[in-house]
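Some structures are shown below for you to check.
Look at the two complexes coming up: chain A is in both, with chain B in one and chain C in the other.
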Partner chain A sequence: MSRLGARLGQAVLLAVLLCWLLSLVSGYDVIADVTPARAGLHPSAQALLGTDHMGRSVAWRLVTASRAFVGPGLLAMAVALALGLPAGALAGYLGGPVAGVVRYLWAVVSAVPRFVLVLLACSIYGSEPHVLAVAAGLSFAPGLGEALTTRIEALRSREFVLATRAHGVSAARTLAWHLLWLACRALILRQLLYLLAFYLVLETSLSYVGGFGIEEPQPSWGNMLAFEFGIHGGNPAAWAAPALAIWLTVAAAIGVASTLRERGHA
Partner chain B sequence: MPEPLLELVDLRIRAGTRDLVHRASLRLEPGRILALVGASGSGKTLTARACLGLVAPHPGVVGGSLSIGDGVTTWRPLALPPKARRAAFRSLRGRVVGWLPQEARASLDPLRTIGSQVRAVLSLRARDRIALPADRPRPEDWLAAAGFSDPSRVVRRYAHELSGGMAQRACIALALARGSRFLLADEPTTGLDPTVQAAILDQLGRLREEGCGLLLITHDLRIVPRHADMVAVMDQGEVVELLPADRLSQARSEPAQALLQATARIAGGLL
Partner chain C sequence: MWTALRAALTRALWFAATLVGAAFLVQLLLWAAPGDPIDLLPNGAELRPALEAEWGLDQPLPMRLGIYLVHALHGDLGTSLAVHPGVAVRSLLGPALARSAKTLVLALLLSLALSLVLALLTRGRRPVLRALVQLLTVAPVFLLAYLLVLGLNEATWSLVQAGTIARPSWFALPDQASSLRDGLAILVLAVGSGSLGETHAALELELVAVLRSPFATAARARGQPLLGLTLHNLLPPLLAVAGRRVPFLLGGLVIVEKVLLMNGAGALLWQACLKRDYPVAMGLCIAAALAVAGSRLVVDLARLGLDPRLRQVRA
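Showing the complex of A and B:
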């Protein structure tokens, strides 16, 4: 991806984050906004992206729908980090039986496909966003952990790590600062952005299908698309805007992730 | 006789049922350079790493005694139980025993600039309350002390942007900045052109003049008579001969003879 592409991707992700923050403070009421008299208005100066078939502002619903995946996406990232980072880092640094046990656990979790794992969690614990988020985070922990284990395993016997220890840096600091932070932060962020993209696709897919995820009247880009697509004579922006938002956000997350590299040459 | 900075008696390092190092005895005094010579695989680097406590449990140090002193206090880490031993080595590394690695470029952190690495070492020095010379407060000052003519440019560079000689100088700058009481230099001139070799050796000589001890590991016998005070010859994990460096040509042990003859075949003898 070009430098310009990376900048655009970062701008899209920043815009999504700002939408989320705006939705938290805006006080937009999804029920009170129902105005059948204004149904299906096309974009205009009065309604930026027009209205949907129930007369609700598409722009405000689009902004509010970011709540459906940004907060839970961050929770999913926290779960993946909490599980994958310490186990993966220790397995890579210590090697031997510790790495064997951790890799076995990753293999067990990875044996269940991600989507199946999420559906399984939903069927047991319900389809609340936090359940989806924890399941998504759990399904990404093996990927993050294994990537960290492989990277740290490759670095731990390198001369510069020995030299760092010889200068008097403790093993814990060598692992936390020199290996994890300096050598793996791009890898970690890459995995977390992939997880955000996965969570967005997961959430919008489930909301689109219905029965899982965010349900009407709460907005999600998935249910906005599902409810507005194919309505004869409706406002095309009501389904095109969430569809474009999904595509742009997923492309931005994956695109930015693919450009992340550590500085220097490790 | 002054208190030694490093005294190793009958060190034994074992891997499985095989002794990689045995009967390795060395003594290093302040302001002296002890050359440790021997063929590749004779156990020189392993012995030095044992002095830093950086030999993995397998192989592991299974015998011998090690005394490390800073002129005031003497530590005997090998006499301690494992947990206390690890803590003792951790407190000695860098503060008392410094390390000048063999592969300089690979020993520099590839993800940080040279300046950032010198700053990190200076913060370790501050942590250990080692006084900082008033005329060398910045990383650039230590790089200049290691022989860089343009330290302000070097501080912004990464290891892969340095030549072999520059990387070795950067490692010397790190060792100087760390302020260790003595240095274990593992083949610091290997792979460098003669001009850089001479500059590095002169730099190490200046360290000696400042009272720093130096264990100089090398398989290049030509540099020993001029740059070392004593020489220990190692073969198959054993120190087989210890003699003044200027009498290296009179060494009697078979391994020393073999090294001398090989040196003569390559370069026509000792310089």
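Showing the complex of A and C:
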């Protein structure tokens, strides 16, 4: 990806983060916003992206919908880190039977497709955002862990690691500082960006189909799309804006992650 | 010969162990829920006596998991509780899996074929085309399906209104079952959620490596055609890429079948999860794990057959 593409990707991710912060302080009321008299208004100075067919502001719903995936996405990242990072790092550093057992566990979890595992977890434990986030983090941990194991396995016999041992640096410090922080942080960031993209796709897909995910009147980019499906003569921005937001955010997260890999950081 | 046999046997054992582990994992998810899993069912009180005996609730957890596994190995996945109450899960799964397997295999083949063509077009050049492929294919499958359905419906409705064409039999998508709807599902799965982009990127890397290899240079110097040699050397990575895509396609299939109102295993899983019909949901999860682990095994064995260097590597 070009430098410009990477910059655009970073700008989109920053904009999403700002939308999330704005939604937390805005006090926008999703119930009080229903004004049928303003239904289907096209974008104008009064309504930036117009209104949907219940007269609700598309722009405010778009901003508020970032709550559906940014916070839970961060929780999913924390879960994936908590599970994948220590196990993956230890397996890579120690090798042998530890690596064998950890690799087997990763193979077991990743044998069930992520989406299927999350759906089953939602069915058993409920489809609240925190359940979705924990299940997504659990299903993503093998990807992060396996990537770390492979990288650390390749690095553990390199000169800089041997030098830390010769200088009497503890194994914990070598692993945590020299290997994980200095040599693998970009790899971890790349995996977390993939997880963010996965969580957004997961949440919007579930909310679009309905039954799981975010339910109306709470906004999600997925249920905003579903809400406008089959409405003739309405405001095209009401479906185009969430569609574009999903597309751009996923493209930005994957694009920035790919840039890290292409530049050899991860 | 012995090395190859040992490598194949190791992989087969790994497959069996993974499958057993996956069956335990999905069972564990249910049994780890707080309280009694029968309480989670909408008609739990009514079904309790029968389910307590069938699920072995008086047994300790490892024994319960073992009983489930032994039953599953004999093809007994229990009976449906809510989707089709009283019907054996195995008889529900069979037709649904057959329908979905067709869509899945065709989508995988289409994705690989398109990726190969694109890799031959780009092969380390044309960064704009590569970036465009990456950008267009990251769209989630439900979004692609939504946009395609919306576009086709709107365009067709305009033509029907203008009197240019008669109302087609498939109109309006996705309500009517048609080959167009099936084709859309295959296309969306083959292209969406990064399917095409990632496959293309992986194949392009391999293609460039093959074209820059000493044997390709030697073949060029001898004036030999490169296409056959290239495709032969691309086959092992092509299989590896195909194996890696299976879990993603299975996940996408659930959504595509729901969005396009298709009647396959994905839609059945959704319905089972929504109605908390755990025997059906568990059966489908194990079928998905079987597909993923099975595809890994097939790919590994095929690569062992194609690439003798892999037989020397410890499995």
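Here is the rule we go by: the second predicted complex is superposed on the first by the 260 of 266 C-alpha atoms of A that agree within 3 Å, B and C clash if a C-alpha of one lies under 4 Å from a C-alpha of the other, contacts with A are read in each partner's own complex, and residues count from 1 in each chain.
FYI, contacts are C-beta pairs under 8 Å (C-beta built on N, C-alpha and C of every residue); 3 or more make two chains touch, one makes a residue touch a chain.
None of these values were measured; they are calculated from a predicted model.
Colleague: Is A:V250 touching anything from chain B or chain C once the two structures are fitted on A? First, second, both or neither.
Modeller: second
Colleague: Comparing chain B against chain C, which has contacts with more of the residues in chain A?
Modeller: The partner that reaches more residues of chain A in the superposed model: C.
Colleague: After the superposition on A, what does A:Y125 contact: first (chain B), second (chain C), both or neither?
Modeller: The answer is second: A:Y125 touches chain C but not chain B.
Colleague: After superposition on the shared chain, which partner residues are touched by A:R7: those of chain B (first), chain C (second), both, or neither?
Modeller: In the superposition, A:R7 touches no partner, neither chain B nor chain C.
Colleague: Which of the two partners, first being chain B and second being chain C, lies in contact with A:E262: first, second, both, or neither?
Modeller: The first partner, chain B, only.
Colleague: Should A:E159 be classified as contacting the first partner (chain B), the second (chain C), both, or neither?
Modeller: Touch status of A:E159: first partner only.
Colleague: Using the superposition on chain A described above, determine whether A:A183 touches chain B (first), chain C (second), both, or neither.
Modeller: A:A183: touches chain B, not chain C.
Colleague: Between chain B (first) and chain C (second), which does A:S170 come into contact with in this model arrangement: first, second, both, or neither?
Modeller: first
Colleague: Output the chain A positions appearing in both contact lists, the one against chain B and the one against chain C.
Modeller: Common interface on chain A, chain B vs chain C: nothing in common.
Colleague: Which part of chain A faces chain B closely enough to touch in the complex?
Modeller: Contacts found on chain A: 158-160, 162-170, 178, 182-183, 262-266.
Colleague: Where on chain A does chain C make contact in their complex?
Modeller: Those in contact with chain C are residues 1-2, 5, 104-105, 107-117, 119-125, 197, 201, 204-205, 208-209, 211-212, 222, 225, 229, 239, 243, 246-247, 250-251, 254-255, 258.
Colleague: Which part of chain B faces chain A closely enough to touch in the complex?
Modeller: For this pair, the touching residues of chain B are 52, 54, 90-91, 93-95, 98-99, 101-103, 106-113, 121, 124, 128, 158-160, 171, 174, 178.
Colleague: If we count contacts the way the header does, which residues on chain C are in touch with chain A in the complex?
Modeller: Residues of chain C touching chain A: 14, 17-19, 21-22, 24-26, 29-30, 33, 37, 40, 127, 131, 134-135, 138-143, 146-147, 150, 193-194, 247-248, 250-252, 254-255, 258-259, 269-270, 272-274, 276, 278, 281-282, 284-285, 288-289, 292-293.
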